[in-house]
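As written, the chain order gives the labels A, B, C and D, with residue 1 at the start of each chain.
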Amino acid sequence: MAGSTLGTLLSVTTWGESHGRGIGVVIDGCPAGLSLAEQDIQIYLNRRKPGQSRFTTPRKEDDTVEILSGVFEGMTTGTPISLMVRNTSQRSRDYREIASYYRPGHADYTYDRKYGFRDYTGGGRSSGRETIGRVAAGAVAAKLLQELGITVNAYTRSIGPVTIHPDRFDLSQMEKNAVNMPDAEAAALAEAYLDQCRERQDSCGGVVECVISGLPAGVGEPCFDKLSACLAKGICSIGAVKGFEIGDGFRSAEAFGSDNNDAFYRKEDGSIGKRTNHSGGVLGGISDGSDLIFRAAFKPTPSILTEQQTVNREGEEITVSIKGRHDPIIVPRAVVVVECMAALTVLDLLMVSMTSRLDRIKDFFGV
Amino acid sequence: MAGSTLGTLLSVTTWGESHGRGIGVVIDGCPAGLSLAEQDIQIYLNRRKPGQSRFTTPRKEDDTVEILSGVFEGMTTGTPISLMVRNTSQRSRDYREIASYYRPGHADYTYDRKYGFRDYTGGGRSSGRETIGRVAAGAVAAKLLQELGITVNAYTRSIGPVTIHPDRFDLSQMEKNAVNMPDAEAAALAEAYLDQCRERQDSCGGVVECVISGLPAGVGEPCFDKLSACLAKGICSIGAVKGFEIGDGFRSAEAFGSDNNDAFYRKEDGSIGKRTNHSGGVLGGISDGSDLIFRAAFKPTPSILTEQQTVNREGEEITVSIKGRHDPIIVPRAVVVVECMAALTVLDLLMVSMTSRLDRIKDFFGV
Amino acid sequence: MAGSTLGTLLSVTTWGESHGRGIGVVIDGCPAGLSLAEQDIQIYLNRRKPGQSRFTTPRKEDDTVEILSGVFEGMTTGTPISLMVRNTSQRSRDYREIASYYRPGHADYTYDRKYGFRDYTGGGRSSGRETIGRVAAGAVAAKLLQELGITVNAYTRSIGPVTIHPDRFDLSQMEKNAVNMPDAEAAALAEAYLDQCRERQDSCGGVVECVISGLPAGVGEPCFDKLSACLAKGICSIGAVKGFEIGDGFRSAEAFGSDNNDAFYRKEDGSIGKRTNHSGGVLGGISDGSDLIFRAAFKPTPSILTEQQTVNREGEEITVSIKGRHDPIIVPRAVVVVECMAALTVLDLLMVSMTSRLDRIKDFFGV
Amino acid sequence: MAGSTLGTLLSVTTWGESHGRGIGVVIDGCPAGLSLAEQDIQIYLNRRKPGQSRFTTPRKEDDTVEILSGVFEGMTTGTPISLMVRNTSQRSRDYREIASYYRPGHADYTYDRKYGFRDYTGGGRSSGRETIGRVAAGAVAAKLLQELGITVNAYTRSIGPVTIHPDRFDLSQMEKNAVNMPDAEAAALAEAYLDQCRERQDSCGGVVECVISGLPAGVGEPCFDKLSACLAKGICSIGAVKGFEIGDGFRSAEAFGSDNNDAFYRKEDGSIGKRTNHSGGVLGGISDGSDLIFRAAFKPTPSILTEQQTVNREGEEITVSIKGRHDPIIVPRAVVVVECMAALTVLDLLMVSMTSRLDRIKDFFGV
């Protein structure tokens, strides 16, 4: 595959540039019989829209989704679902300047080296707008997972040095602050920190955490398509992600085995549970029935007003200051992107896991 | 794919259980004309062999590789290269006890849930011996990369709380200590730490770092097959890995954009370089011509002598102490596994990148 | 993959139903630097448009293609090319009748069994309009192949019992008759035959032949991705195709080896040629440098006015006569579809073949 | 994929050359819980073994299969099943002669052009021995299909001009003649025809037919992974196959729609059947519940004693006569190969089809 398609049974293919005619995605393999309307997708897209707080770009993007195929009389038909968002906010500004040099921290240089030239308007395919396709598809996956009793929730865990505290964790707080933090106190600190950042004409990074509940045990394929490995790929394929960890992640590298192992116990209903969840819901790369918990590290937005050294296409060293409508941080808007990539990954592997046992296949076909 | 195959143009399919007849791998898509002998692969396998220091299991494993196909008169033919290592060290010990309960931190429970039962002898497919296939294949990839001027070097970065120091970094030290650390002083501390671990009948984790040099710019496919995303998957598919980060990784989540961006400059030969390498060698998921640097977090070995709570197959709560020949840490032996997964991933994407530009395709075919 | 994506390096994903909002395709992996305009694609789409002769449905379909992404300033950028054709000719006719029963020879019954229900308007995803995505993508592939000196030409070989004669073969005749036959005499006979068919309120089938010239030797991957095998899949994935053969095909099953083998000889320029081409351009599934020649058998259009026995959704046996705007034969319009599927398949395998030899990879990277 | 792997959920990867150390296959994605012993596979391998009649090469091949992984205590575990057959019959004959020129009808020339050189001993990877991996894997697939009530039966339909007659069809006759024909009379004629062939030092081709019974409706994925398209690929990937057709195939190209359409009717048990089966068991590329019927055209064995013109590696024109132990026809031995490729293809798509409907997925997971 050339890189724009992801998934085995549920596959998504995204397309579109920041300043082209639109952005879209084709979802192939979505089971028939899911009730689906544009509004189901729109609410996810709205969560990633800019202009919703003082920390996101004031650029207005309408991002209205259109279902082009795969839904008939309000139900998915099992055939490809094509979703499109027209680009409407294309300013006629002059991109010639940006075209002439390589912005530090951006993909300008690597696209030029890979393809010989690049679509320099608004970042082209490496723009954050590329995530629209991921979110539109993820909204469908999340809706289907909900029908199966599986929920996916992501939120901002940290912004710069400010991290949420477990004792104050309250998911309902997420929507009440500009940074999507499930901790009112941390959110206030983070907002103050971001104000300082902006004053300094700088940007900063952060961490998104995601919890998946209700996932049955047995999802994930050894050896290469482990649930953790596929999540790592899906999450690290998001533009600004520089790290991924599941369960205790990098902290487990400093732990003792006696602390890191999760003890099994017998639940009241006779089923088996774990006393702790250091593993983050996977053992041997297969879901163990506990909550799946992982984190993604986002680098600071590379577009900053602060002066930077770089080189132009002629190879001359120059100093630049990136103007334009950019977020000082992308983490709050990236929360829904993480959630959607997780939903897509989990749903795909969940469907694949249906064929792991002959006895269940026999039951399925009634033989 | 069912999970045991990885890669687009260069694909590997691994097979084999810890205590079955053998372990192996099929490499498909290896270009014709690479000089290859069993010894080229054996030196990599020897690096992951147990019994080489007091911190690895005294279990003797011969792990002698056999090339079954794909090489003719010392050269790869372009057809599948099948490699096999016979299992020779199968003790006739009684695994019935292990079969009867779920070891904490192991995949016993999830395999049972996924497949209905499991091969309980020595961990079956979730055993560390599964990595033999990865290493055998990676040795071939690494040899081919060397022909193209690309080197891949992994080493132990930290063990528990002990981390190597950049000022003392010396790759030649790696082979001189039992923990594969390129820093003699840190290695001594780590060894002392491991001795304490073992005395406590406990285990610990660590971090492996990997550097890839000589990689041309332009490798990695937007949007889902980013170089960083594919590395994340390859690395996180290794059994005990709980985290992956590239460049500054999780630290970049706490950085400012002005610090995290790498300034471009003009090199003496007129080409373009970067003053720093916070990005770890990728921009927009595509290699930028700098060194590729990433890290993998390994959890502590789950098999420990210390008593643990768990549940048996009858659902009764019991207390267990895992006997047997187990490493107190797997990191030193995992170094070569990381190196090999990196080599496989990079070589695959390097070959895919050959078709990104029409002008170069025309040159290739002489039109 | 769920079935709507085809290809390894150059992959296409099609979407859309007959009477939905549109039909489209995403081409991923198209190399950067190909000059491409909507008109390049439109001329291919026009070749499959209905209403061009008295043997194609009088239904007017505009089928105007829009390039939504992947092209910047007239050049492909290397990122996904999204193409869409809006459905404009949706009659508000009542499809309830068709919805209530299973048309013989159509996919109504199998879609119902597979998905639980179906989009009954105009055939949904099993409609001939699905081929729009194939043709739009194939037009791009064909243009790129031309840049490499490779041409793909398909034509009607037979209609019912009327077959073209090699002695009268003239590709320029194709556009001069209503049946796309490169033989004026056969075309006249075929047209007369079709007139009879229509009078009888019946339909008929035919054979499309395709010749690919200029393909270098070495394309096709043993063992499963043989050039012949991938062509077979691509061609047999076209709705009404019931058979595929390459070179002498089924006739070779009746031949002697001494007749069927193609003798090699030395060409004047010193290169190696074949005296005959019974193999159709492949040996061992790999292109041999000769013309690639294959044929596809198309069944008669299943929609006929003649009365037929069938069953309705309630399981009652009924008699039906399929009204509507249907072609008495689909072969003339299918010619361009065959051509396009061939172009897509050949281009993909051509790009894959670039990595078969280490010496050429070294040359490519200049090492 | 580089071409040696086939399948989505059930994938097979074959390896091995004619005169290397062995031939093998890795089956990934085989569900856990299938009872499997080496003998189950051996009976299939024995059917393709040479030396069983006067029309197959007198070369003795033992072809004893070894299960290397994926089976524990007689049951498949869900992990990769690695199967190997050691090459034991390697004559120390001199292949230098064959190495020096290109045998007409063989892949010598194309391998040389693709890979730069070739393993010239016994055909290397393009040898008929490559089918051992297909047959070993297909035996496992066929056994699993039987557990689901699905049977796959292939047989020789024609040899040269001799074709079986429907009125004399008797599957039990297959094993009683040297040509695997389910028609005693045709078999006798075919044997006489083959005797003539051999006297003339020539070879001939034939057609294999395959019937799959018990397949539920709903298998096959539009648009590219149609059941017919995937079968076409699987079958056309067999070395000597030059054509594929399903149902009436090429004959349907000469039929009228009124004859070719299959009328639906109501069976006594209330389910829906078809009065005829011109479609060969697929409608819109999806199984319709009828028997699946397809045919494969095999070219004559290219190795013949008769003198042929060709070119040597120095580019000189020469005359050759291919000595050695070769079958005058490969069709009888290819019957089991066709059967096995069909079993693999059908099982894979059957498992994929389990996720086509949300209501059934809910049932599966008990929600």
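One rule holds in what follows: a residue touches a chain if its C-beta (ideal position, glycine included) is under 8 Å from a C-beta of that chain, and two chains touch if they have at least 3 such contacts.
All values reported here derive from a predicted model rather than from experimental measurement.
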Greatest separation from chain B - chain, by CA centre: C
Euclidean distance of C-alpha centroids - chain B vs chain C, Å: 44
Where chain C and chain D are represented by their mean Cα positions, the distance between them in whole Å: 26
Centre distance in Å when chain A and chain C are each reduced to the mean of their C-alpha atoms: 38
Numbers and ranges of chain C residues touching at least 2 other chains: 1-5, 8-9, 14, 29, 32-33, 78-79, 114-116, 125, 222, 352, 356-357, 359
Topology of the chain contact graph, where touching chains are joined (line, ring, star, complete, other): complete
Chain B partner contacts - residues on chain D that touch it in the complex: 1-5, 8-11, 13-17, 20-24, 26, 28-29, 32-33, 66-70, 72, 75, 77-82, 84, 114-119, 121, 124-125
Contacting residues of chain D [partner chain A, same complex]: 8-9, 29, 31-34, 76, 78-79, 144, 147-149, 216, 222, 351-352, 354-362, 364-365, 367
In the complex with chain C, residue positions of chain D that touch it: 1-6, 8, 14, 102, 104-107, 109-111, 113-116, 125-126, 130, 158, 160-161, 197, 200, 202-207, 217-226, 228-237, 239, 241-250, 252-258, 260-266, 270, 272, 275, 278-280, 282-289, 297-304, 306, 308-311, 315-317, 352-353, 356-357, 359
